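Here the chain labels run A, B, C, D, E and F in written order, and each chain numbers its own residues starting at 1.
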Amino acid sequence: MFSHNKRLQYTVRVSECNPGLANLMLEQFGGPQGELAAAMRYFTQAVGEDDPGRKDMLFDIATEELSHLEVIGTIVGMLNKGAKGQLAEAVETEAEMYRRITGAGNDSHVTQVLYGGGPPLINSAGVPWTAAYIDTIGEPTADLRSNIAAEARAKIVYERLIACTDDPGVKEALGFLMTREIAHQKSFEKALYSITPNFPPGKLPGMPEFTSVYFDMSKGDEMRGPWNQGPNWDYRSEPESQVAVDGGSGEPSVSLTADEQSAVDDMAVRTASDPSGDPPTGAELGMAADDPDAPADASASARKRK
Amino acid sequence: MFSHNKRLQYTVRVSECNPGLANLMLEQFGGPQGELAAAMRYFTQAVGEDDPGRKDMLFDIATEELSHLEVIGTIVGMLNKGAKGQLAEAVETEAEMYRRITGAGNDSHVTQVLYGGGPPLINSAGVPWTAAYIDTIGEPTADLRSNIAAEARAKIVYERLIACTDDPGVKEALGFLMTREIAHQKSFEKALYSITPNFPPGKLPGMPEFTSVYFDMSKGDEMRGPWNQGPNWDYRSEPESQVAVDGGSGEPSVSLTADEQSAVDDMAVRTASDPSGDPPTGAELGMAADDPDAPADASASARKRK
Amino acid sequence: MFSHNKRLQYTVRVSECNPGLANLMLEQFGGPQGELAAAMRYFTQAVGEDDPGRKDMLFDIATEELSHLEVIGTIVGMLNKGAKGQLAEAVETEAEMYRRITGAGNDSHVTQVLYGGGPPLINSAGVPWTAAYIDTIGEPTADLRSNIAAEARAKIVYERLIACTDDPGVKEALGFLMTREIAHQKSFEKALYSITPNFPPGKLPGMPEFTSVYFDMSKGDEMRGPWNQGPNWDYRSEPESQVAVDGGSGEPSVSLTADEQSAVDDMAVRTASDPSGDPPTGAELGMAADDPDAPADASASARKRK
Amino acid sequence: MFSHNKRLQYTVRVSECNPGLANLMLEQFGGPQGELAAAMRYFTQAVGEDDPGRKDMLFDIATEELSHLEVIGTIVGMLNKGAKGQLAEAVETEAEMYRRITGAGNDSHVTQVLYGGGPPLINSAGVPWTAAYIDTIGEPTADLRSNIAAEARAKIVYERLIACTDDPGVKEALGFLMTREIAHQKSFEKALYSITPNFPPGKLPGMPEFTSVYFDMSKGDEMRGPWNQGPNWDYRSEPESQVAVDGGSGEPSVSLTADEQSAVDDMAVRTASDPSGDPPTGAELGMAADDPDAPADASASARKRK
Amino acid sequence: MFSHNKRLQYTVRVSECNPGLANLMLEQFGGPQGELAAAMRYFTQAVGEDDPGRKDMLFDIATEELSHLEVIGTIVGMLNKGAKGQLAEAVETEAEMYRRITGAGNDSHVTQVLYGGGPPLINSAGVPWTAAYIDTIGEPTADLRSNIAAEARAKIVYERLIACTDDPGVKEALGFLMTREIAHQKSFEKALYSITPNFPPGKLPGMPEFTSVYFDMSKGDEMRGPWNQGPNWDYRSEPESQVAVDGGSGEPSVSLTADEQSAVDDMAVRTASDPSGDPPTGAELGMAADDPDAPADASASARKRK
Amino acid sequence: MFSHNKRLQYTVRVSECNPGLANLMLEQFGGPQGELAAAMRYFTQAVGEDDPGRKDMLFDIATEELSHLEVIGTIVGMLNKGAKGQLAEAVETEAEMYRRITGAGNDSHVTQVLYGGGPPLINSAGVPWTAAYIDTIGEPTADLRSNIAAEARAKIVYERLIACTDDPGVKEALGFLMTREIAHQKSFEKALYSITPNFPPGKLPGMPEFTSVYFDMSKGDEMRGPWNQGPNWDYRSEPESQVAVDGGSGEPSVSLTADEQSAVDDMAVRTASDPSGDPPTGAELGMAADDPDAPADASASARKRK
């Protein structure tokens, strides 16, 4: 069960309203790398988790991320506070309002016109948050790696936001939020490496003949490194060594029943594109008479029938 | 530039048609952990990458994932091949067709009715693939971790699919695809650890006072582990140690201009919910006369005006 | 700031695992009328709200909805618990697994294959949750009405779920969740009617000549009722009384600059569809020779050029 | 069956082209609170409705909303008309075109480049319209409340758009559309209160012990009002009175079969995170040697193996 | 199987960085008419196709479209290259950074803040690519027409982009990409007309009495043309000739079982909106006392109960 | 302006309720090839169109498609009518209800539980309709081709639905709807070919050196046909003839300012993956001791630090 304290986890002090900056901040409110994504990622894992230590950790961090969602949402709200009132009460002339709403040079008009200056669960482009951002799959050796990566990404987006504002209060709060992603990544790393073994993830081993093969499939300026060289790697550069690596034909096959085969054959006949001939086409009907590609026999009378 | 060889990277041999199984396979064709997501993840990173070694590796693996997309799509196509012909040519009675289309117990009806038995870029629920599945953000210390996690997830989904089919040809091809995720994870790990340092990701350091704090925000059955105990962690369990950790009030603030303040005040007055009194509500109007919550003064005549 | 207690708000007692039932329950976890939608609806309103009474109420109810999200997610988790283990450890034969995964007759295969039996933020069709479900716009006389409606909808979906299960523990927990929607609706009603006036919502009055007009635009079986009859309504049934009600021509106009007009004219000439004549078309090229619609002059030689 | 009259319901007179203003107007064409959402909301309810009075009303209003969709779309078209021609015929220099297309300061570039100046079914951020905006659930005591709320929201968005333009013809047409939302809300209110009782919505009663409880779950600055005080409310502020309110343990339970239990146990063992010890992690491998968090035993030789 | 050559199909030479222009280019990278949509459209058709000629052609063109995706993505990358470095290294003041990121006047801030300057699979509004853009349905007489149309659309969007830039290298590469859409359309036309007959698409004939009827359902300014006049068309303008054209009542019917009928009747009674009377409504409760629509019997005491 | 007649365009006679069949029908109600997509496609084109003949035709057909949306929605409603009542009134035992709701073998449970048996704007997989299905771009030579293709697709999906039902009334109404797609395609073809020239679409010509080139980029089983052979095609099969076809290097370039170059260089240094060496990785830390890939120096003590 959750409970709430109206004091924030980190005090938000905003120097002045700035809807354009608010719009950028939305990336960490309703964006793919933002705090709702983080909170829901760990919350759903926590609910589904049976390991007592991980379950505890996941609920701890999910709860903190919800608290961060509140901090970043409050920053958005403070940056929009003036504009919210001015729009709702319509105290300016229309021309001033239009300039203010479209003047920030980004998508802050959406926050104003559609959301009335409140903090919406969209990213800085106005795209609504979707659970498609969450990549939890219910296996801890995968999910903990996903969490590690998610914290790394969120850290970077905060870094970019910090680089865009000189409001000291906003900068400081963002710094706190960024720092916590570092701490969370460390916890998830510890939890992952407390599972032994954790690689390969899951239960099934790989096919030994393919676990250490590297296929050099992009030609030109090949560059070798530890990711494809050394005794652990079987580096295959020849195209023939990359195709049909099972030793078969590389052609698919399936057994059909007689009924299936018959229907498939019927469809093949009905829909065959005859490779012989050169049928006139709709494009040719539509070409200008002097188009070099226009067919010779496309006389004017043939091409416009009155 | 890409080129294509009509032979598959791994020969696909399907024993018999099975649209229900085909539907499950769609998870790795058009699903969030599937091959299109993998191919596009690495391809977009490759295009944006300037480090020559990583760029080469990313193009190599992106190209292989496209080849895997073709393998899994071909499995889907083979499993649907009979049904595709039968639907297109409508050779059965309607009742047989209806049973066949709805009988698999999953979403294979969508593949039949909407996509005609071809391999659509949807997952096994029928949800179209979206680039929201791709979490590339353009910083290698984050993106390589995302790639590591993505390979781990894809490995697990293949493992689950392998557990659902006893068709030996399908099982073998899935085993190959699963194995390659292991190999790719290894390459991405090597590339990540070839960047030094790579933690914390990005350029900005964290605020030292918060990088090693663990907030115990979920109470009951606390369990300690390396993710929150030991000399490296400052474990904070008291609620007061978790709120307003900057030492401030925990209350947000912003400076408003006089015009902004005036508009905000106007809005506050206009929209105030008066906490005194007990106004009759629409819900009360709608209650049955004998509802225990119905207000006493809601006489029949007051509640239906004729 | 949020905190969490590992005890649930309502104890969840599930009699036996049932992934098919779990799939239906997802409607209230990650569905449009579910608990995440409720929690995020009220949370975002709370963050943006300045009225102290409403802000307090919105945080109270948002926090409770998060606690409900945990309850319904836990129900999903318990109903899937057995299947989760069996899938992860693959202890059955493939045929058994396939039957179990596709046998529920709904979308539970998605929860198994893609999410490993955990509680995903999707609805019962497998569609990921989206913030497009949230209709908050930042004006309390509208948002409180939206909240009232949302509680009504959620109440109904619980009612339907209750009708589908005879597991007493599940039924009881759903009954609790359903009941709380009733209580929340009552609170939101009180808060709305504490704003006076609250209708029309917002600040601008309507144009008096149109606020009480009812346009009877669907003909046949007209039925009058308080929604369109009585002294308060101006009922307009004649088509002429419904069109161009401003008294104008009903035709749009705009002033163009000379440059704009010139470009528009150029485009009109370039893209004009000539209404005279009867041009041969691609469809006619593609008709069978014996199609009654095939043009007479479409001789075989004209229609296949070799 | 529908029919159409080419005269608009309200004459649209636009003073001059303005693609930036057109972009804002898209909120009511293809946005969540716009006319397509309204029309489809009522149309789908009308088709599914059996009550003759409501069915008639829903078709009437759905048809009017389609007519409003045409009015707002025509406004968009007129505001874009000049730009449409200029883009299609490319009569300006590229630099002029680029400035014009990116100069409006909002998302009008999308309407130009992708949609050629026509009225697309997107909102002002460029997000395509989705039926996820429609919250119809097929129970009139809920759906009518949803309709009431939807009309309130649409009224407000029109109010905001009116505040942004001083084009008298646009302002007047928006005023008409806004006014009609008021009239529609009145009709839906009458239809709702013609159902008795209509609260609680649906058929099932709530659990009496929880219909009038208010959980004070957000602490700090509590403020009481009719939404949580008075004789009708049981106000519960103590955390212990909010958790496991059924009197149980607050811990979830499920009965597993022996096979299920065995698989669950296997998974628990395989994936346990060992809480003892302090395993080295990938993050530690990636730390700079002088990072204060770097483990002491991570000697240079251990951390780079050549 | 795919392979890759690091040389591009067309050399990309960009004069100078311009993130705003890069943002427009995204339409053809991750937009609905862009190269990923084209590549995936033809690739999925190729995998599902059995006709050897079409399969070969579809793989050829799909592969070329992937190569075009690389070209347009590389243009985006080059145009963003400077901004990418500046953001990652944060070498400017915050004010400069903010101005640069929001100054382009379109959605380039999303590419910077969220994607770090890499080429993301979004369109110029920031909307992620979705497979909903692909309209393949698995029947060649439909799919080839869809491909023809898709090439036409892509050609136009390139035309618009060419009109917006005077960078000669960008212009030239766009010209190449545009030209290839023309060539592809020609190939698809030839393949379509090689199927005989190809109209009507599919297998079933239409009902002869309705294949040549034109319903004039929009009144005012009727204009006739070859699309609705001439001997081939049966033009029906009278409303009575358009409704219930089967000669029936135009009213739907279904047979219900006794149990179904009984439940339907119960629902009808429970949810009936009583058309008699004039019930007071929530809107009336919320009206100002001096609102002309306020009911007379709504005395102050009735409307605020204290 | 639209008006509505409560009689349907085609009388719907359903023999018996069948929610499973209703679910399949949703493809043409809220699916990508369905009637809403058609209506909105033509309606938005009509609003944006200036050519009087096309505008008239587009409004005529858009209006008819809305009427078809009503017919197919009514079929869905009739097929669900019994189930709707039974769910709302909950007259069966829970076990019966559960079986009925999950027994259809497709997604009809979504229509029941979430939408209460009404006709929702989803497809047969439960995916909400999205305007991303509409490909209108505002240029008639492209849009008319898109319309032709859309009609062809819709015709095919109706054909498939007809093959799945033996209810004579449903079959007949579907036959009517299918037939109208044929008639509409014919009208759009006539309108397209009334524009001369209409190929290439748009205004800009292609680069002559590339309009007739065919790149044979998929190797194996090449098959020639009119789409790539004959005097009109320049068939290029050699890989060298396909790469960098402009004669350049195939390598991208951009001019950077000094500041940009400096930042790019800094980023390159900071994020370089060192290709020398063989760094230990997280995956190696996670390997089982007996994993053949585990590094030799990963002694037990090194790998678990206590």
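Basically, a contact is a pair of C-beta atoms (placed from the backbone, for glycine too) under 8 Å apart; a residue touches a chain by one contact, two chains touch by 3 or more.
This is a predicted model, so every value here is computed, not measured.
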item: Touching subunit A and also subunit E, the following chains; value: B, C, D, F
item: Subunit F and subunit E - chains in contact with each; value: A, B, C, D
item: Interface numbering overlap (same over half, different under half) for subunit C and subunit E; value: same
item: Fitting subunit A to subunit B on CA atoms, where both chains share a sequence, rotation angle to nearest 5 degrees; value: 180
item: Chain centre separation in whole Å, for subunit C relative to subunit B (CA means); value: 20
item: Chain centre separation (subunit A, subunit C; CA means) in Å; value: 23
item: Subunit D residues counted as touching two or more neighbouring chains; value: 1-9, 32-33, 53, 56, 59-60, 62-63, 67, 74, 77, 84, 88-90, 104-105, 107, 114, 116, 122, 125-128, 130, 132, 137, 139, 141, 148, 156-157, 159, 185-186, 189-196, 199, 202-204, 211-212, 217-218, 221, 223-227, 232, 239, 242-243, 250, 264, 267, 270-271, 273-285, 293, 304
item: Arrangement of touching chains [line / ring / star / complete / other]; value: complete
item: For the subunit B and subunit D complex, residues of the former touching the latter; value: 141, 189, 192-193, 195-199, 208, 211-212, 223-227, 230, 232, 273-279, 282-288, 291-293, 304
item: Touching residues on subunit C, where the partner in the complex is subunit A; value: 1-9, 30, 36, 40, 43-45, 47-48, 56, 59-60, 62-63, 66-67, 69-70, 73-74, 76-77, 84, 88-90, 114-122, 128-132, 134, 136-139, 203-204, 276-282, 285, 295, 297, 302-306
item: Residue numbers on subunit F that touch subunit B, as the complex places them; value: 20-21, 23-24, 27, 31-33, 104-107, 123-127, 156-157, 159-166, 171, 217-221, 239, 242-243, 250, 264, 267-268, 270-275, 277-284, 293
item: Subunit E - residues contacting subunit A, complex; value: 1-7, 50-51, 53-54, 87, 90, 93-95, 97-98, 101-105, 107, 109-110, 112-114, 116, 122, 125-128, 139-141, 148, 185-186, 189-196, 203
item: Residues on subunit B engaged by subunit A in the complex (per definition of touch); value: 5-17, 32-33, 46, 52-53, 56-57, 59-60, 62-64, 67, 74-75, 77-79, 81-86, 88-89, 91, 130, 132-133, 135, 137, 139, 141-142, 145-146, 148-150, 152-153, 155-157, 159, 162, 172, 175-176, 178-180, 182-183, 185-188, 190-191, 193-194, 199-204, 206-207, 210-218, 221-228, 232, 239, 242-246, 248-257, 259-267, 270-271
